[in-house]
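Input: structures, listed below.
Presented sequentially are two complexes of chain A, the first with chain B as partner and the second with chain C.
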Partner chain A sequence: MTGEWQVPRKKTFFERIQGAFPFHFRLMLPAIIVLAIITLYPFFWMIWLSLHETAMNPGEQDIFVGLANYANLLDDEVFLNGVKLLIWYFVICLSVEMFLGVSIALLINGMKYENLFVILFLMPMMVAPIVVGYLYSYLYNVSFGWYFWFLKSIGFLQTDTILASAKPVLGFLPSVAFFGVVAADVWNWTPLIILIVLAGLKNVPQDQLEAARMDGAGSWRTLWDVTLPNIRSVLLIAGILRFMDNVRYIDTIYVLTKGGPADSTKILPFHLYNISFRYFEFGRGAAVGFILLLFIIFMAMFFVKVFKKKEVAPVG
Partner chain B sequence: MGKISRRELLKGLGIGSLALVGGHIVKSPLSPTQLAYASDDVKWKQFKGSKLVFMSEDTPPTSAIKSKIKSFKDLTGMDIEIIQEHLDIVSEKVGIDVRGKKGAYPVYYSQDKPIGAPFHAHAEDLRKYEADPTFPKVTDGVGSDVWLYRFLDVTGRFYGEPKIAAYPYDNAICVMMYRKDLFEKYSKQFESEYKKPLRYTENTTWKDVLDISKFFKKANFPDVKYGLALQGREGWGGQLDFQRVCYAHGQWREWDFDDWTGSRKPGPCKWGDEQSIVCLEKYKELMQYSHPDSLTNDWSGANTAYITGLAAMVPNYGEFAAVVEDPKQSVAAGGRTAYELCPKGDPSWIVNRGKAVNATNYGIGGIAINSYSKPELKKAAYLFVLWATSYETMMMVLKDVGGTPDRKRVFEDPEVKKAFVRETAPMKNIEPVEMEKGNPASRVTKVPLMPNGLTYGPSLKGILPPNVVVGPKIPKFNEYIQILTSEVQKCVSGAKTAKEACLAIKEKTDKLHGVK
Partner chain C sequence: MDKTELVSRSQKRKKKILGTLTYIAVIVFLIWTITPLFVMVVSSFKDLREAFQIPQVGDWKGVIKFFQFTPTTRHYVELFTMEDFRPFIINSLIASISASIIAVILGSLAAYGLARGRIPGEEHISFWIISCRMAPVVAVMVPLYSIFSGLGLLEAYRWRNLLCLMLAYTTFSLPFAVWFLRSFFEDIPTEIEEAAKVDGCSNFRAFWDIILPLAKPGIVAGFILCMILSWNDFIFASVLGQQGAKTLPVATSELHSTVDIKWGRILASGTMLCVPMLTLGLLIKKYLVQGLTMGAVRQ
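Now for the complex of A and B:
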């Protein structure tokens, strides 16, 4: 039968799909579909919602308002204050937690009772943030709070209260109550940084440390030039994790201050919670949520850029 | 023990999953006509085997209802799951549920303003069930006049509509609680300084309260540090706290519409007028001499300051009497506390030529039926609503575990009447508690059987005109109180003057209501 023309067989539907999508993509497809449903759908729905004034009562219709929900935010004092407080919040929390976390991790790394210390330091992280809120509300209580009594006794606290004081610290920083909330967050989440950094420290190459020692580098120099560059990616992960936690943080504030006094602890996520689930203004809430999302994406990209290690081409 | 068949297992799973979304229903085999002519006993049992879910605030009355729920189960054969949460969480969960038209909570707690005002349209009209002959009758019925003064209007009626969205279920009426023992102990010293007796009566004004607060704070006595504990926390607690001062002076209110039914479009508010500014200035002064946490305290925080002996006075809600009178929890127990009407307005603080009154406000918890639940489930829910708000249930929970009844008849009971006054109040024996170490005279061996009863005298006076202030019942109440309390806190903290804060409240509130 040589020499006869073979009419190419028409590909079946499945064969065409096989051609269009490589094998590994097809394997991932179910997971991609699930992810799309649980992330993309709400994402687009949020954008749609943010362009509407949602109906409150049965029989009413949502009203399309265009970008009015976004425009009105520029005039919303609580929103603008919330953005400012949020920046203060994650900058202070992140700085203190990173500093304490890295310091403690370096201190206990390789110690005789390292495991015991790890367990002790991890305990606060096991406590739910809402419980931390209740715990600190007792500790700060003027009537019987141990922290209040201690800070007052040593003369550190200049006000007669912690949580009811809207007085700015040093005249330009956020309020005393705000720092009360920050302290609770630091106590609750520094252990996470300790844990992540400790894991990173275990992977610092011993040969590099030994070489540094043999070259006569002191502890500080070794830390700066060998240890920290080696745990850079770990620090990035810890920083991004804590940042993302901070920008959606409301649990402890909800219990401790409800955003008061005088809006001095009302960081943006708490305002978002109020708009959406106390005033039930879903359209306005979606607009705030969308802006918060853009802010998170922008900041995450910023973090990645700052921490990105420049690859060095091998010599020779 | 026999094996469970596949059919039984599936049936069980089905019922279980239905229970997760608001309960399940087992219909009566009787027709509506048969039920209408049946006895009350049969009517109560028409949904035997069904299950309901009740979402409630974690109030003492709901805890009391929960502890007595067996009598409901015995009466109806129904089961009920009672979920108790903080009021804000109840509002959030009910709000999400009704806005999503899910009906997961067939029965829910409906505080008049935080939940009723925004969501009443999603509740069933209870008049429909009242007219239905298939439901049993309860003592006195459920008409307007069986409840305390206009309580049904407060919880059930909104914006001039005839619909009844909820029945009164519990209440928290504000009274002044004060340390009678400390007042007697330091009377002479106060009198020599302020040239007036250290006494609290229904004629005591807010200015007198300020003087007493100044006296205790300056004196710094070993047994009490502050004269007053307030509750200026952001939200409803703060709004109610400040409202008492405002209304006491010239019956000042933020709007002139009828407070009992409220208004959908309240129009321009009166914040920023002379009287509101004076009231805020005076409130700030009161705050300065109060317990230092007063700006962040709600009712529970203020109560803590009082029962730990840090404050000599606290305007607080009657339900807290149970804790105040418990010597294991409170240093103010054992007859040391007296209860009186909230302070009167001081004539020298009134600039609007209005009347000075003992401004009293409250939160009346209603009980409502979710309009998105299934029709038969709603009917079963009405049986629970009837039972929970009946005279017999209110009486039972009051006498056995403490409650805050709303029906007039309860207060006509001779034993309850005796509970109004400490000297005649029925008492119960307790394990002796020594209030002061090494002082046998301070030993408490008996406590009132119905401690809340001690607040009923001033409460029943406070809820009548001209003292009572109930508003503002507006759809955007929850956002309004945030605006209000946040600006009040800015003034108290010194970030704004009273005038600036009042004008800011006006600007923001008017904007909220579309007033240009």
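Now for the complex of A and C:
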């Protein structure tokens, strides 16, 4: 054994840190730390809060109540109604938006003025939700609203108001006011579906379309067998995103109906807003918030899964 | 006449009809999309008496009434003279721009790390980040409210409240920026950095001098999208910034009191809220799909 032994130089503190955190991880650290402070900490705080009955007056102490806040929800009719309305809201909004969005995207795909149409169509998305609310309550107004006038004139609207009518549509659907809110959401977010579907359509393999045409498939068959399967994952992503935002934003409802009339538009997130910031029952609010969050986390898992799958067989 | 010619002629006619129908459908949809915005902008320039004029039910010719008015900028002027909206606009700008800057700076670092590095638990980190973006606003606000009020940040001081808003907006802007920019960095081929490293660049140099300039359009688009998200926010601002730092959406909502609704001013202020974001949105139209789907769908 000849040769020189080199005494390994003792690593400096800085180098040891560098070793423990690879370069890419160090780049992520600031964001991770900031996010942990503003989201993880509040998250655990919320779980803690949901086990307490919070003090209403200064000087009082929070009382530990265990799972009572959760148990009480089962007796809370507004809560159960809110869950039901949230599901209605999501299902109706999404199906109308999907139908409109996919059809319009198919119609304008490859059209001469496609770009111009896209620019005009995407405008509603940039409008603040609260402005959407005011806009529609202006248009729905009984004495000077143009939409009210129009719907009355074509004889479509049977009731004398839109936003103050709790009358169920066709007997089993939610109220007229509820559909007023839905129409605002559809106006606001159909453009997103159009954009997403258009992006998906551009990536449908041309050779598959050609092959279908060669085999003599009609345009409906081609649509059904070639185009739609190819944009399926894109549609799924659109659906998940819309669900998130339906739960996320209550600004429009806040302006249009404030959950009324007779709670017929009080979807769960809005009920949560009332519990927390009108009645200031933070413990109960935290319990509802936690349930909503679990729901959303579940959806996010789904989103990541779809995202991953898409990466294996790239669509975009 | 040849039979095949007949067939092809009838097919041509069918095609023409279909084309016309398509245009009609698209234009009907277009009218429905544009009308609300058009009504808002036009009515904001009307005197209230004229803005409230609509025809009798069923009187189709009365639509003309919509266009009969003498334009006035009264409501806009009132927003600055009688309501003093200037500080609210400034609050909105400060809160949304500062949150977006934080989001874009920290976001692009993290996004690059996520896109390139092989980090243990990377999946969990990215999942956690995206669930922050998707969390319902109210659910995020409940704990934030109680934490901030414990720290005394909710008292009626302008800068404290602005700090609350900035932090609150970062909860959704930062995750958004990370996911969006990650998809952007992934589209840049790794060979570029490898070549730079062969030439003796350090990891950081390669990122800073070579990758960042390449990703500039994405970073700009990310900034604008973050800004639109925060600028349009109402619920956070109404609860956390209510006392000292009213933003434009909150101020707009206060024009609607229990006593009366100042429609003229609401429409004017709504127009002011939308027009800047519409312009910005159109500037980054190319990245809109990628942005709004957090990188899941690319154009």
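Basically, the second predicted complex is superposed on the first by the 257 of 316 C-alpha atoms of A that agree within 3 Å, B and C clash if a C-alpha of one lies under 4 Å from a C-alpha of the other, contacts with A are read in each partner's own complex, and residues count from 1 in each chain.
The working rule: a contact is a pair of C-beta atoms (placed from the backbone, for glycine too) under 8 Å apart; a residue touches a chain by one contact, two chains touch by 3 or more.
In this text, all values refer to a predicted model and were calculated from it rather than measured experimentally.
Contacts of A:43 after superposition: chain C is touched, whereas chain B is not reached. Once the two complexes are laid over each other on the shared chain, residue contacts for A:160 go to chain B alone; chain C is not touched.
Taking chain A as the reference, the larger set of touched residues comes from C, when chain B and chain C are compared. Within the superposed three-chain model, A:257 lies in touch with chain B and out of touch with chain C [touch as defined at top]. Contact with both chain B and chain C is seen for A:277 once the two complexes are overlaid on the shared chain.
Of the two partner chains placed around the shared chain by superposition, neither chain B nor chain C is touched by A:63.
When both complexes are overlaid on chain A, the residue A:143 reaches chain B and chain C alike. For the contact definition in use here, the residues of chain A common to its chain B contact set and its chain C contact set are 143-144, 277, 282.
Within the complex formed with chain B, the chain A residues making contact are 56-58, 77-78, 141-144, 159-161, 163-167, 177, 257-264, 266, 274, 277-282. Touching chain A in their complex are the following residues of chain C: 22, 25-26, 29-30, 32-37, 39-40, 43, 51-55, 57-60, 66, 102, 106-107, 109-110, 112-114, 116-119, 123, 125-132, 134-147, 167, 170-171, 174-175, 178, 203-204, 207, 228, 231-235, 239, 249, 252-253, 256, 263, 266-267, 270, 273-274, 277-278, 280-282, 285, 288-289, 292-293, 296-299. Remark: chain A residues 22-28, 30-32, 34-35, 38-43, 45-46, 49, 54, 100, 103-104, 107-108, 111, 117-131, 134-136, 138-139, 143-146, 149, 152-153, 187, 191-192, 195-196, 198-200, 202, 234, 237-238, 241, 244, 247-251, 254-255, 269, 272-273, 276-277, 282, 285-286, 288-290, 292-293, 296-297, 299-301, 303-304, 306-307, 310, 315-316 touch chain C in the complex. Of all residues in chain B, only 88, 91-92, 95-96, 99, 118, 121-122, 232-235, 238, 291-297, 304-305, 308, 310, 371, 475-476, 478-479, 482, 485-486, 489-490, 492-495, 508 touch chain A in the complex they form.
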